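Next come two complexes built around chain A: one with chain B, the other with chain C.
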Partner chain A sequence: MSSSGIRQVTQDRSLFVPAGLFLVLLLAVAFRGQGLFTNNGLAGAILVATPLILAALAITPIVMAGRGAVDLSVGPLMGFINVTLITWLVGNGITNPVAVIAWAVGLGAAFQFVQALVIIYVRVAPIIVTLSGFLVLSGVNLMVMSRPGGVAPDWMLSWGAGTSVFSPVLLLLVAAFAVWGVLRRTMFYRNLRMTGADERMAYTSGVPVDVVRIIAHVVGGAFAGLAALSYTALISSGDPTQGSTYTLQAVTALVLGGASLSGGRGGALGSTLGAINMFLISYLLSTFNFGTVSGFVTQMAFGLILVGSLLVNVFVTSRRAVA
Partner chain B sequence: MRGILNGTMGALIAVSALTTTAHAEGVDQLPASEQKIYEIVDPQIPLGASAYKDFKPKKGPPWKIGYASSYAGNTWRAAALDAVMNDLLPRSKEAGLVSEVVVTQSDLKDAVQIQQMRQMVDDGVDAIIICCSNVTALNQTIEYAYKAGVPVFSFSGYVTSPYAINGAANHAQGGGEMATWLAEKIGKKGNVLLVSGIPGFASSDSFDKAAKETLAKYPDITIVGEVAGKWTDQVAQVEVQKFLATNPAQIDGILTQGAQENGVLNAMLQSGRDMVPITLGGEASAACYWRQNPDWIDASFHIWPPRREMQQMWEIMLRTLQGQGPKVQSFLRPVLPYTIDDVRAAIPEDCDVNSTDFVEPKADGWFPAAVADQYFERPADPWKAVSK
Partner chain C sequence: MVSTVMNTEVAMARSASPFRTHKSIAIGFALLACLLALGALLVPGFVSSQNARSILLLAAFLGLASVGQTLCALVGALDLSIPYIIGGANILLPSLMVAGLPAPVAMIVVLILGALVGAANGALSFRLQGQALIMSLGVGFAAVGAVQIYTSLGSQFGGTVFAPVPDWLRNLSAFNGKFFGLPFPPVIVIWAAVAIGLGWIMYNTWFGRSLYAVGGSRTAAARLGISEFRIWTVIHSASGAMSAITGMLLLGFSGGGFVGVGDPYLFTTVAAVVIGGTSLLGGAGGYGATVLGVLVLTVLTSLLVGLGLSFPAQQAVVGLLIVPMVAIYARSPHIRNQI
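And then the complex of A and B:
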């Protein structure tokens, strides 16, 4: 994984900026204190960052398929899986791990399958479809669970303790990477990139673009299921509104990771780096004590780092286009 | 679907049964006058005995305190933070009790708040203060802090973790009292607009739940709309304006949560409609309008005075760190009604209708030391300077 990862970074210019930012942030965090590089620090980092990494992964294949398909519904979808899992499954005594995981992954995939069908056959712009998904699910979540409550299944409670690096949460992350690694070797992945880069050309070359788009959504939905599981482990309960905050964060992570919102360019490594960078920025800013102005300084610094790295990113990628 | 519903109901009944038994352990140790405050209460609020009865801090004093705030974008949070940095911290420093306060902001993102709290624990703070957060999402993190010997104090809102100490006004009772006042004020009949805070947040939901239950007792009163003001004047103003613009129906009264009533008031003023009674929760700006129009309403309520609630939590924290042994998990205060005379005493006649401050109870009026003593096993003056 790591050696092929390094090869990808050296070959793909769009990964220069996220990888560079990652190193800079890591150094800065190390300089500010050793807290992150202890067993508990790392375990906590994995626990907190995993839902965001998986959410970013969940929207990656969909955005790669082109048509400006930024999946806005991912946050509420995570929330939907979270609240149904807590209310409908655990609330009725269904706590079998296999059932819970199957429910999460299946529900995510099923929802994205439906969205894909609407996008392809009703021919509505993807951003409108996923925005509708966002709004509908935000409302439905509050109907399923009107306020935070409930508890995660017993076996999942220990996941959220965050005292061991090699936790089941890390396993979810590894599982997602493994799935992605397998996908990369298939014909589907090549077709996905072709569809995203130029759908018309892909179609005339005999790529089944509709099937590619459906698979991209289903894979994304399955990742959203994993993201919802890690999110449920993090908060160990149900929450109808917090999931929605992940949409904006996931899209930011995606862009920060060098993906193009118009499709074609992007990948798991970039999105992961983007999400980890967002975590590190937030971690780094928390090590400073800004006193009474902390709220504004933190948000401003966060925004400035984002804008800065996006500008550098644009510069690097546009130079490639000229060269 | 029916099965799901039954299951949920069963779970709810089980939970409420649990709270009644828990009630018997913690709150029953309090004197009768204090027990009364706990009569109408949000069933989710933990009322058991505190996990910190025999707590001793790892070290100190002086202690290092973490304040993991979840939001910074309104006047209420600004006032609470100001109370810490410019009043409580300097006084505690002088007494040799506290060395430093670390402040973080998570912008309403639970995951970020979890990360910041864990970071504080790993960095070696002695106690963490949080505010009116998500009631369940932080529980694992609070347990993580507890295991590291760091107690977590939630002010102006509760969390359900057995390892936290909560301190707040009884927001359910507050919602009920403000709803009763409004209903009586408008003659027990008419259309009411409900302006909620942040749905999903502890104090907001407790307030709404009790307010709706109270209004339901008046058959001639209809809740014609419900908007969320996010405890921010500007948000409340936009939301109420939108509602008034799209709903031509008569509104007879507005039941709003505190820390946003001036936005509601401004929206009403801008709409050109006749002014109706609005519940006030202590904003100096809306109180100023009341001072200039004394016939508008006849009472108002301190429901979550930011500086006093912060001071209450701060004193509970000092006492707990001093090993005084809190008796209960949740310290509830009754909402305090106040009148136009209190407003006249608090703000001048040429007051500012755009003030961002709050009219608050007197320093010792919210959580008097004599009352506080009854909540601890081994009471003592929390502000007594440490002998060097």
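And then the complex of A and C:
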């Protein structure tokens, strides 16, 4: 991943800003203390950052498919998989790892498949469909489980210990990257970028845009399933409301990673960098002690860093347009 | 390439035609009538002055918060800073009053700050266009963080502020408020006045028409000498100001400052705009449509509450109904008909 990753960064200028921010943040974190660079620190970081990275990956293909298709439903979808996993599966004694993983990935893919069909055949703007999905799932989550509770399957409890870097959670991440790496080499990926950049042009060139959209959603849904698994491992229980907060975080990570919300531009590497940067920002801010106002300073600083890096993004993009 | 651009423009002009707008308004009224009839049939006590008052009161808050979202949607933007500015205004006002400012002065300060934050939001996000919603989110975080730092100076709790709310402010938006002796809270009248004023501005002023021009076709608007940047900044500033006003009025409703008071308005304002029939891509719709959307959403919620549904179930039903409601009038043509 690293050598091809470096090649991508040097070739794709939209990755300059996220990569630069990543290096700056890494230096700042190193300067503030060594906590992150120990075995335990790194293992904990992977555990905490993985749900966000996977959530950002889950909306990447959907956003790339264009039509302003920001998938607002990803957070509640993670929550939905989480609560159904705990209530319906574990609650009924089904804890077989294969069944649990298949349920998570299958449910995510199935939900996104339905959303794709609604977008294609009802022909309503995607953002309205996903807004509807957000509201429905936020409500249903609370109906399935009214308050946080339950326990994750026994075999998953060790996932959330955060004592080893090479934990199954890292495996989930690697699996997602492997899937993406395979997809990148297929015709689908090229068609996806064409559809996102200009759907009419793609359609007239014979690209099956509807099939591309369906595959993009299904892949995104499967990633959302992996995200929900890592999220369940992180909290080791069920939580009907916290999942929803991942929507805005994932969209933010995507934009920080240099993707365009209007489609065509973006990729797994950018989204991952964006998500890691968001984690590093909050980690860095947590090393400072602002006393009683700490939470508010963190919120303000986070907002300002977001504003700043978006402005730098604009600067770099406009430079490119001139050149 | 040229033909693609032209076709886009033609398609947009078609979707902005008066027939389409009127169709969505007519359907909105029909929907509202259906919901009211259903409520009258199914829920005892639905047709009562008490219920009408509570529906209009809740609709007024949502309606005032949706002003900015509608204006932004008309040029193809979404303002996600609305809930944070509402929350910020809601705690900043009592905290300024505790600091000794007279209530009217404090309100003007909060209003100006809201407009300034909105203007900053607009000026910063203009170049981002499609990504502007994340910029508004960042600006919202920064603003509410700064307000909480200010309010928590000298106290332990920055998120909640307790202060005596003046009686006239409480009367403005409390459930049992009186409007010159008439038995409904004045905030409903404020909302009606804002709606009428905004409707007049949108149809009769250079600014209002320019807004539609920018939303319909940026190229054409630029050729007419309309400053896209100015329009963009002014509407974001108006959105910030209206959010600040909503936050202050909500203080009169609840009686105590709480920063999370705006959170429900993040997606409900978008839902109200969408149900009303304003396109999120810009150019078509208006505040009149949003007023209908707000009323439909509030009456629907009231009906669901009357039927005994819990809050999560209400949310799920509203979510399920959004797609069919929008599909009645806002379906886009098949891609083979867009070429």
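Everything below uses one rule, namely that the second predicted complex is superposed on the first by the 323 of 323 C-alpha atoms of A that agree within 3 Å, B and C clash if a C-alpha of one lies under 4 Å from a C-alpha of the other, contacts with A are read in each partner's own complex, and residues count from 1 in each chain.
By definition in this document, contacts are C-beta pairs under 8 Å (C-beta built on N, C-alpha and C of every residue); 3 or more make two chains touch, one makes a residue touch a chain.
Everything numeric in this text was worked out from a predicted model, so none of it was measured.
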- Message: After the alignment on chain A, I want to confirm one thing: do chain B and chain C clash, or do they fit together?
- Response: clash
- Task: Check the residue A:Thr95 against both partner chains and state whether it touches chain B (first), chain C (second), both, or neither.
- Result: neither
- Query: For A:Phe296, is the partner it touches chain B (first), chain C (second), both, or none of the two (neither)?
  - Reply: both
- Message: With both complexes overlaid on chain A, does A:Leu234 touch chain B (first), chain C (second), both or neither?
- Response: first
- Message: A:Pro51 in the overlay: touching chain B, chain C, both, or neither? Say first, second, both or neither.
- Response: first
- Message: If we overlay the two complexes on their shared chain A, which of chain B and chain C does A:Phe279 touch? Say first, second, both or neither.
- Response: first
- Task: Would you sort A:Leu142 into first (chain B), second (chain C), both or neither based on which partner it touches?
- Result: both
- In the superposed arrangement, does A:Gly160 touch chain B (first), chain C (second), both or neither? first
- Query: Which of the stretches 243-251, 297-305, 333-341 or 369-377 of chain B runs into chain C once the two complexes are superposed on chain A?
  - Reply: 243-251
- Going through chain A, the residues touched by chain B and also by chain C turn out to be 142, 146, 292, 295-296, 298-299
- Query: Within the complex, which stretch of chain B touches chain A?
  - Reply: 3-4, 7-8, 11, 44, 69, 71-73, 77-78, 81-82, 85-86, 100-105, 107-112, 114-116, 118-119, 122-123, 134-141, 143-144, 199-200, 205
- Message: Under the definition above, what is the set of chain C residues touching chain A in their complex?
- Response: 4, 7, 80, 124, 127-131, 133-135, 137-146, 148-149, 152-153, 156, 158, 267, 270-271, 274, 279-281, 310-320, 322-323, 326-327, 330-336, 338-339
- Query: How about chain A: which of its residues touch chain B in the complex?
  - Reply: 33, 35, 38, 40-41, 44-45, 47-48, 51-52, 87-88, 91-93, 142, 146-151, 157, 160-163, 231, 234-242, 245, 249, 279, 282-283, 286-287, 289-292, 294-296, 298-299
- Message: Quick check: in the complex, which residue numbers of chain A touch chain C?
- Response: 68, 70, 72, 118, 122-125, 127-129, 131-143, 146, 198-201, 203-204, 209, 248, 251-252, 255, 260-262, 292-293, 295-307, 310-311, 313-314, 318
